[in-house]
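Paired with chain B in one complex and with chain C in the other, chain A is shared by the two complexes that follow.
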Partner chain A sequence: MGLVWLCLLFPLAGFAINALLGRSLPRRAHGIIATVAMLAAFAVAWIVLADLLSLPHEEQHRNLILYNWVPADGFNATFGAWLDPLSVLLLLIVTGVGFVIHLFAIGYMAEEEEGQRRFFAYLNLFVVAMLVLILANNFMLLLVGWGGVGFASFALISHYFFREEAADAAVKAFVINTLGDVGMMLGIFLIWVTYGAVDYETVFRNAGNAQTGTITAITLLLLVGALAKSGQVPLHTWLPDAMAGPTPVSALIHAATMVTAGVYLLVRAWPLYELAPATLTTIAWLGAFTALFGALIGLVQTNIKRVLAFSTMSQLGYMFLAAGVGAYSAAIFHLLTHAFFKALLFLAAGVVIHAIGGEEDLRRMGGLRDKVRIAWVAYGIGGLAIAGIPPFSGFFSKDEIIYSAFTSTRGNVVLGLIALLTGGITAFYVFRSFFLTFYRTPRYGIGHGGTEAEHGHGDGLHQPGLEMRIPLIVLSVLAIVGGWVLIPDAVHLFEDYLEPVFAYPAAFNAPVHAAGGATYWMIAIGAALLGAVGIGAAYYLYVLRPALAADLAGRFAGIHRTLFNRFYVDQLYDTIFVRPTRAFGRAFSGVFERGLNGLVNGAGYLVREASVTMREVQTGYVRNYALLILGGTVLLIAYVLFTAV
Partner chain B sequence: MVDIIAPEIDAGALTPLFVVAAGALIVLLLDLFIPPGRRSFLGYFALGTTLVALATCVPLWNNGRLAFSDMVRVDNFAIFFAIVTLGATALSILLAIDYIQLADINLGEYHPLVLFTAVGMLLLVFANDLVLFFIGLEILSIGLYILAGFIRGNRRSEEAAIKYFLLGSFSFGFLVYGTSLIYGASGTTNFTALATALGDDQVRTSPLMLVGLALVLVGFGFKLALAPFHSWTPDVYSGAPTSVTAFMSVGTKVATFAALLRLVLTGVPTLRENWAPALWALAVVTMIVGNVAAVTQRNIKRMLAYSSIGQAGYILVAVVASDSPRRDTSADAVQSVLFYLLAYTFMNIGAFAVVIALARVGRERLDLTTDYVGVARRHPFLAGALAFFMLSLGGIPPTAGFIAKLTVFRAAVAADYWHLALVGVITSVIALAFYLRVIVLMYSRADEEIDDLPRSVPAPLAVVLAVCVLMTLQMGILPAFSLDWAQQALFVVSR
Partner chain C sequence: MAPLSYYFILSAVLFTIGTIGVLIRKNPLIMFMSIELMLNAANLSFASFARARNLLSGQVIAFFVIAVAAAEVVVGLAIIVSIFRSRQSVDVDDVSMLKG
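Moving on, here comes the complex of A and B:
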């Protein structure tokens, strides 16, 4: 078990080598060093898993202490790892998915002249911080990782700092995440004041020894941090903008790992959340709302990465919803499958973007099916998984959440219906982007001279190399089979694996949701059908109709009427469906953006005014200063004499 | 006839102080023989002096004693502060070596003045008597008055010096008057004797005593820049040469906090019902004023001036908490003061070092809204270092500043001053606004290429930066060493 420190050490060494010695190394070496470090960490993670599973079920929680970080009595902030099935699962996801994305990045970044060293150093640093966050055995250390991933993400978003949007996006991400960190800090302070400790063991054991009001306050403050990190409404605005970073960064940080930290925190601290029903209700509704909200906005996006960013927001909403209705294991299950299929979607999008010379606009793509076949297959698999089509992984994890939203004691029909409906919309908008990218006629500008000779292709497209293909293949397989670890009424691997997490401390027993039975399958089949309808609608609108229209218009002038009708239908669609949705989406994002600014500015306004007033007192005249000192002296004497009475 | 008994002289107890004083005199003399072009040698000599003085502190560790008729107390507590003060002096001298050439103030008396000021600081640290304390404070202040106005002909620098001098004299009047009242009430100015005299209820409740104490606290408040005695700070900090600002923002605070702890814990511990509420009120006002006023500052030196006011407020929280009648709680509070001051030394000097490193001949980069935008692109290392110090000053883990705030707030909560800790946490959040603003500005995109940045960082500055970054990081990740050291420094002070 002690080997777990190697998981931290390898990426740290990778970071150190690239940062300190990198200048003297050849350009290709940076990526290889970083990737090998990740592979080593991933290998060690499996050993840790084996060690953990060799323990009896009820002992699968270990508090490994490396050294006493803040040596103070009654504080218990050690530098240590909390190993249980939950943290080890996340360890595997971060190092595993991290490894394949690092590998992908070698190819993706290969043509960058400078900045590779910086890129890979920060990528490794991010992994270190993320692992600290996951493995921490107390809230203080968690906060270190929490701040660390925020910083690394900030640095990586601004990788292309010479682009204005990248610099602005980085600042936005930094500010909103710091807002979240402040919430976390206050929450941890309250935990410490309440329980007299900050380590998980003490806090969770004594969770019930505080008043419900206090626990609600603690959990809400922690939630602020979780909302900011996971891009949930109303702290979501940074996530879409963060797409200004390189695509591997979007895949690793803003899809597969960092943004799920909020979900991890909620599940990690379940003994506290279980005691704060009001917070859980808040989480469930915020999650459901974000899921729907993200999906609706996703409908109208024209940038492929932004479509995926809003879908990430929406999928994280699902996870929050699951945690909010008490289905913690369902939340983690979706976290797992989402890490696979969303990383896959991003990397496939990355291949496309890479192929057509950095273009990210869906309106300038199209017809790429046969040009970059591997991306087509990969994006298709990822799309089917996110749309919840059986037997792809998303089917199992998403239905688990929809089922919980309907049937859990904390869930209700409205939450369930939102989850169900969002599934259909998700299928539609993801496949909209799929069809716009890969079907119909090419709309991208060809003519990237010079690349033809390099790649030996006549079409001028950059074809992905082996280091980019392997990650796509691996993630494709995982996006298909990743969900098979939990098939209701058949396979219970995942539930059994996570069970020890919710059995400790033994005093509480959160229900591990055992889905199954006729209700489940009805919901599951309904959701899958809805997904299929969404895909069909997208196919009809973005593939069939335009082709048909062009065909008919060209051959038969007499069927102009039909054409007109089609146009009419299109308009109708536009009026009753697309336009209201778009308006709805716009209005909402407008209202929220403004509301958020107002809120932040309101608090800032007070401080600023006070500050300006203080500046006015600071006249610069010695006589005024002397008067101030004299006044202070008089007050102080009066005060001391007063306390003596 | 009264027999005059020659007091016993135990010069060994004050070796560090004598070394620094002798060094200062030698540097003054050396200046006569060194051609102006090679004056940086004076800086290195002064640096050597402080290092030798640091070395002479070592044998005094765990070898505490009273000396000079109980006027001087040398114990682990004093040695701890002497080491920190000398360390801060050494770093400030390194900072100044290139800066004073840049600012065209490379005169022979710069380094001797710094060393004389350090002598004053050491006197404060070792003082066991209000009179000696006053003398130390005067030596320190006179040095700083001159240093603040060292850029002759520069109106802002001269204004800083004259303001500092006038207000300093004004508030020292209170200090002297307070001392005389305390003497009048108790018949002594010696901390040890004072504690004994206060055993008498009549002395303890005497209004003379209380007013005297309040007036002495005013003197401390001025020197520590506690609100509402802080008004001089932004003007003086921004007017003085940056290397001097760095020196006085750290050295003065460290030494004066040492004296304050000495006074309240060994001199007037029995008056804790009187001084604790007074310091409590000062701490609250100081935390709020310092951190709120910093938010709208445009000049980085003024911002750091307000920041240092706020930081003093946090340290004062722990001083208040040291009034706890529970021995271990009190000890923890004092320990957190020591740790905080150590952390503050490195992060604050580090921040000023970056400001100095960005300066060029005839032009310092002080305006946050114009001079710092996009600096990260040209100087990723310097921007990274400044960002790191800002995070530390803001109390973000894993930095020294985080652990320091943590231990202070912990001490406050343990001593049942949780409301002080709450004010501390809230003002820390406000403080993030101006600390993080620097980072955001540095990493934003500049509208136009910045081309008047210095190409490289001179070696002495690089050393300072390396030391400060490493120490700030080390105290954040492995605080146990420093905390242990601070713990051992409590050896004698606990009552």
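Moving on, here comes the complex of A and C:
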């Protein structure tokens, strides 16, 4: 169990080596160091899992304390790991998916002259922060990881900091996430005030000892943090912009791991949320709304990574919906499968972008099916998984959520229908991007002259190397089989595995939704059919009749424009928050500029003027000094004489 | 013995002569002599008071002043000599490099 600290230590060492000693290492070494560190952490994670599973079911929650972190009067926080099936599962996902994406990044970033060291150092640092977030045994340590991943995300979005768009996106992500952090901090303060502790064990065990109103406030404040981190409406605007970072970053941070931290928090703090039904209802509706909202915007986006970003937002909406209706294990199940298929989609998109020299616009792709066959296969598998086509992983996890939305005591028909409908839209827009990328005639131009000789291909495309192919293959397999750990009425591996998480504290248990029966299969088949219809519609519109798609866009120009501009939310925020803040700042900077500068400059001016006047006294003639001394003495004596009486 | 006021009048006259000498003469040696005059005017006052009040301390202070004056002359003459060596002149108005 104690080995879990090695999981933290390996990426930390990778970061330290690259950051401190990296300058003297060759360019290729940075990626290899970072990747090996991840592999080591991944291996250790399996040992931790084996250790955990060797314990009896009811004891599978361990509070490993490394040292007393903040010992203060009346307040105590330890630096420790909370190991239970949930945190260990996340540990495996982060180190495992992290490892393959690191491997992919070696190939993806290979041509970069500068910045590889920085890139891999930050990537490792991100993993460290993410693991702190996951493993934390108290809310305060969780916040450390929470802020850490925010910083790593900022640093990696702005990897190409010389591009204004990337720098702006990084600032935007950081500001919005900080907003969430503030909400979370207030939540943690309230937890401390209410329960007198911040560690999970005490808080969860005493969860019921507080007023419902207080718990609702706590959960809502924590939710603000979760919304910001997971890109949920209304704090979602940073996520699409974050795609300005390199593609492996989008895959790892803005799809597979960091953005799921919000879901993790909700599930981690389930004893609190269980006691705050109002918050759960809010989460369910926000999640359902975000799922639909993201999917609708994804319909018309022209940048392949943005399509995937909106789909991430939408899929995270599903997870929030699941948590909101109390189906915590379904949320985590979807988190797991989503990590596989969304990382796969991003990496496949990365291969395409890499192949055609950095182009991300769907309108300038096309016809790449036979050119980069592995990307075609991988993107197809990822697409089928996200569309919920059996037997791909997304089918099982998404239907679990849709089923819960319909049948849970907290769910209702409207939530279920939104989830169902969104599934169809998801299939449509993902396959729209698939067909636009890989089918019909090529619309790209290759700008790289030297690549032909380099790679030995006549078409001038960058072909992915082995280090990029292996991750695609691994993730493809996982995107297919990843869902087979939970097949209603047949396999209950996943539910059984997570069960200890929801059995502790024993005072009350989370409602367990054993999906299955005729209702489940009806919904599942309906969802799969809807997905198939979505794919078929995309095929019809973007392969068979591309003119019709343009025609439709023209006929519904108003709707198209609204969707394309993402419902003008960015513009709205810009008008309400950004511009007034900037104007306020400018006004104040004027005041301070004049006021403070005036004060400082005035002091300097006064001294200078005074000395210019006073220096006249210094004539350099001895007799003048003597005269002054005499005058001074006379005055002094006069003073003494006239006051002494 | 003459009245005490006579001594003070003499002392004041001597002091004034010395002061004027320092202020208006340009020759440093004359200025030195004027300073000595001022010091001795002060010595005269000390001695007169000591005598009139029958106290020893005033006389002792006069001796101190004489000792300090001797030391001052040594330093002052050394400065004058070195000024003369560097600029072949001892006119105090030529030495005004400290002008601000």
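FYI, the second predicted complex is superposed on the first by the 541 of 645 C-alpha atoms of A that agree within 3 Å, B and C clash if a C-alpha of one lies under 4 Å from a C-alpha of the other, contacts with A are read in each partner's own complex, and residues count from 1 in each chain.
We adopt the following convention: a contact is a pair of C-beta atoms (placed from the backbone, for glycine too) under 8 Å apart; a residue touches a chain by one contact, two chains touch by 3 or more.
If you're wondering where the values come from, they're calculated on a predicted model, not measured in any experiment.
Within the superposed three-chain model, A:V193 lies in touch with chain B and out of touch with chain C [touch as defined at top]. By the touch criterion defined above, A:A626 lies against chain B and chain C together after alignment on the C-alpha atoms of chain A. By the document's definition of touching, neither partner reaches A:L296: not chain B, not chain C.
When chain B and chain C are set side by side, the one touching more residues of chain A is B. When the two structures are aligned on the shared chain, A:E616 is found in touch with chain C, with no touch to chain B.
Of the two partner chains placed by superposition, A:A45 touches none, neither chain B nor chain C. Shared contact residues of chain A, touching chain B in one structure and chain C in the other: 615, 617-618, 620, 622, 626.
Residues 615-623, 626-627, 630 of chain A are the ones touching chain C in the complex. Interface of chain A with chain B (complex): residues 67-72, 75, 140, 143-144, 147-148, 154, 158, 161-162, 164, 167-168, 170-171, 174-175, 178, 181-182, 185-186, 189, 192-193, 604, 607-608, 610-612, 614-615, 617-618, 620, 622, 624-626, 628-629, 631-633, 635-637, 639-641, 643-644. On chain B, the positions that touch chain A within their shared complex are 162-163, 166-167, 170-171, 174, 205, 207, 210-211, 213-215, 217-218, 221-222, 227-229, 231-232, 234-235, 273-275, 277-278, 281-282, 289, 292-296, 332, 376-377, 396-398, 403, 406-407, 409-410, 413, 418, 421, 425, 429-430, 432-433, 436, 439-440, 443-445, 477-480, 483-484.
Within the complex formed with chain A, the chain C residues making contact are 19, 22-24, 31, 92-93, 95-100.
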